[in-house]
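Both complexes below contain chain A, partnered by chain B and then by chain C.
Right after this comes the complex of A and B.
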């Protein structure tokens, strides 16, 4: 052993200014949240600040995405320590793409919320939204599992705050269930991290990739099982899904749209990242479990939506069904499977948010939350009914909308897999599409098509509020339709991004750990 | 010593999960605390247990003189304790507010968000 030279463990070069685009979204979101907290007494200024910050974040993330697309994954390590000692941030195409989708969704929700919220309310809404965005973006861009835990907690505390904003009894009830289950999920995640650190002595994802094949496979598979439990709870996969329909319908529509669009998708992404990329050998051992969970989630969630009469609770079940599709991709990690799962996360972020936003508009127009008290809305607002129908079709995966492409990829993957597991998943995916269509069209028929039941009224709304809310939702729906009609760009990104998930050699190289002996 | 602590972690996690299975919100809160502390103790054990010795490399040596514990898991627990405490405090206040507002500290009676009297599917059409 040579003499101990401290500088060998330190980064000697300064990070290129262009590389800062990787952490800039996080810095902007955190600083923006702090500034919004200070400006909370001036609601209008707060809104402008939040919009400005999110637009800047989107600009950074587009730059990041293009850069990663052209020259491979980008990494940056904090605190001057070389990886695996310093905390690494790594952007590959999946992470950067999801981060971009998250900030686009946040922008839409911010505009929508301006119409929904009363004037001059100083309730820290904007600060918490930016904090939530910071947590979500951090989860997508981090290359270190403990850092992922920290971003989970940032996201968690921001979502707690948003959940109880306004403090209606309904929200407190939902927040208790949401809070306990999600805190428990992060505790399980931490438990897995403790075991993993004890086994491998590292929590850097690229370093785990190198160390895990040398460790005891049974021990690593146990850890992967605990991770599956923790992230499955976060993502609301069956049988850990009960918290979602119990809580997501309780806050105001804009907030539930934001939570539905971002939170469960982060759980699904964490599953994809940890099982498919970081611990592939353990994923192979867990495959029968994953197939069973995916099929059960796909089949049971839309049945819940069919049985439900509360509009936003029914949509909550559709969100869970989407998680089943992502899990199907995790269970069949071929090129098509991983591409399908990634594209589905992207699609679900946009579509589920838009569905909740439309539900909010419907609730404002009818003054009810239960479909039994709704009806005849078609006569009052035909555009709203078209919007809802488009989103339902996109959720079910009917062409030409965005939801069709990931479903197609996942079906191809399951059929390509063959055997009982492939057949089960393919059947579950198809039945899920049909059941989702039934659930969605039932909701549509009840809310829009049938004559208004006794006592159901269509409330007049303030014009400005309608236009910001409707405009924001329509813009998001237009994005979903456009991405479905011209999916070539997305497929080009997948063609580069999905191979990096299956064989993360470029990822490890970007972190700077390739070739170094473990 | 490691075995003793490993057994203790097992007891903490088991007790935490048992308490979390309760319907009473206060017991669930206690369960979360016990569970969280079990996890912290686990990370602590993962970092090697030695008598008090600072993990500092003396000048001129390649490694610390004598056995020391890994300081990194201790830094991890510190982070986890702070975060866990903050989230727990929030849940404590939330449980109290829920008790005041909903008059319920039992999850069976906390049914505002999920009403019990909803009709079964065919009737709800």
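Right after this comes the complex of A and C.
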């Protein structure tokens, strides 16, 4: 033990200003949320501010994505401390791509919500949305497990706030279920972190990557099991999915679209990151569990959607089914499997948001939330019915929409895996696609095709409000169709990003921990 | 609860607590204290004022809406981390300035600005909650 020199623990090189694209999305979202909170009495100004902030975030994230694509993962450790002492932020292609999708979705929802203003979306809306975006962006870009916990809490606060905006009794009911189960999940997450820190003395992901192979495999696998429980709950994987259909239909449509697009996907991403990248040896031990959870989620969720008559609750089950696909990728972490899971998260963020937005438009047009009181909407609005059908096909994974490609990759992965687990997953994926198609087309037939049941009305819509809402949703759907028709860019990103997930050597090197003894 | 003794003493207690809160916040860098605990003390002072004078009068006395104060706190805490953009260091790196005032040296730093931000966040949030609870059946906004 020599004398302690402070500068030994500090980064000596200067940080290029260009590296700040890594933290700017987060800083902008946080500062924007703070500013929106101060300006919340002036909704117009808030909207303008939020739009500007989100556009700036998107610009930063596109720059970040291109940079990571060209020159590998990018890292910055806060406060000039050397990793693992400081908190590292690391962007690889998966993290950066998901962060970009999250802010695009947020932009669409902000525009859509303008059409709903005055209908339960009140003056704290913009601050909460930006805070949620900050939490989601932080989760995707952080390279430290404890920091990930912090962003989970930020997300939880913001989503809890969003869920009760308007304060109807039904919303409070949904928010209590949502809040309680998610608090429980974060408590499990924290428990796992305490154990992991006690075992390894570090929570920096790159540092865990070096330390975990030397630790007791049984202890690490236990921790991975608790993480699977916590993130599975967050992602609404079967059998921990009950909170999602119980809460997502209660707030206004714009809010439930945002929550459906972002929250469960962060849970799925955390599973992918923690099990596939950080603790791969424990993932191998947990593989039978993962296969079972993935298959059960894939098979049971669409059955829930078929049985459900409330439109947004039914869509909630489709969201859960999607989580099963991501879990299938975690269960089969070959190059195709990880690519498929990543692409599915990307696709689900866009598609699930769009589905909820369309559901909001349908609810506004019919004045009902239950499909039993809907019908004949095709005659009233053909574009809306086309939009809904396109999104249903995209969710089920019918070519040429975006949902087809990740399903194809996952199918290839599970068939390539072979054995009982591969066969089970491949079967579950195919049956899930068919069941999702049945559930979706049943919804479509009920809402649009069959003649309106007695008492069902088609409300005249205020023109301006419809155009902002419909326009925003159609733009998002167009993006989904375009990405499905020209998926080459996405596949190029996956070709670089997926190998980095399976062999994170470049990730560790970017953090600056390569070659240092643990 | 709302006796004349309490109402007479409340402003005095509140004034002492507010000064003490600022003191606790500023000494927090190297000694026990800091923005969080200082903010809690200041918010308790506001809660006492609310009990004595009523939530509405306290809100007027604060001039700014408590939640806006909290927002401002987050804002300056974020900005304090952003300052290191101009020194070629990562986010949240501290920058120190030693002001020589006669015989003493006053150290000013970005962590202090951050701590003041934390103070305002805690102060604003807890005040908003306590004033919301003290208002009789009113909406806290």
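Descriptive notes on the structure:
Keep in mind that, in the parts below, the second predicted complex is superposed on the first by the 510 of 518 C-alpha atoms of A that agree within 3 Å, B and C clash if a C-alpha of one lies under 4 Å from a C-alpha of the other, contacts with A are read in each partner's own complex, and residues count from 1 in each chain.
Here, a contact is a pair of C-beta atoms (placed from the backbone, for glycine too) under 8 Å apart; a residue touches a chain by one contact, two chains touch by 3 or more.
All of these numbers come straight from a predicted model, not from anything done at the bench.
By the touch criterion stated above, A:216 is placed in contact with neither chain B nor chain C. Judged by the touch definition given at the top, the superposed model places A:12 against neither chain B nor chain C. After overlaying the two complexes on the shared chain, residue contacts for A:172 are found with chain B alone; chain C is out of touch.
In the superposed model, A:164 lies in contact with chain B only, and not with chain C.
After overlaying the two complexes on the shared chain, residue contacts for A:488 are found with neither chain B nor chain C.
Counting residues of chain A touched by each partner, chain B versus chain C, the larger count belongs to B.
In the superposed pair of complexes, A:35 makes contact with chain C only, with no contact to chain B. In the superposed pair of complexes, A:78 makes contact with chain C only, with no contact to chain B.
When the two complexes are overlaid on their common chain A, residue A:197 makes contact with chain B while staying clear of chain C.
Taken together, the chain C residues at the contact with chain A in this complex read 67-68, 70-75, 78-79, 81-82, 84-85, 88-94. Touching chain B in their complex are the following residues of chain A: 1-4, 146, 149-150, 153, 156-157, 160, 164, 167, 169-170, 172-177, 179-180, 183-184, 187, 190-191, 193-195, 197-198, 201, 245-247, 249-250, 306-307, 309, 372, 442, 446.
Interface of chain B with chain A (complex): residues 13, 20, 25, 28, 32, 35-36, 39, 42-43, 45-47, 57, 61-63, 70, 72-73, 76, 79-80, 83-84, 86-88, 90-91, 94-95, 97-98, 101-102, 107, 110-114, 118-121, 124-125. Of all residues in chain A, only 11, 14-17, 19-20, 23, 27, 30-31, 33-38, 40, 76-80, 86, 89, 127 touch chain C in the complex they form.
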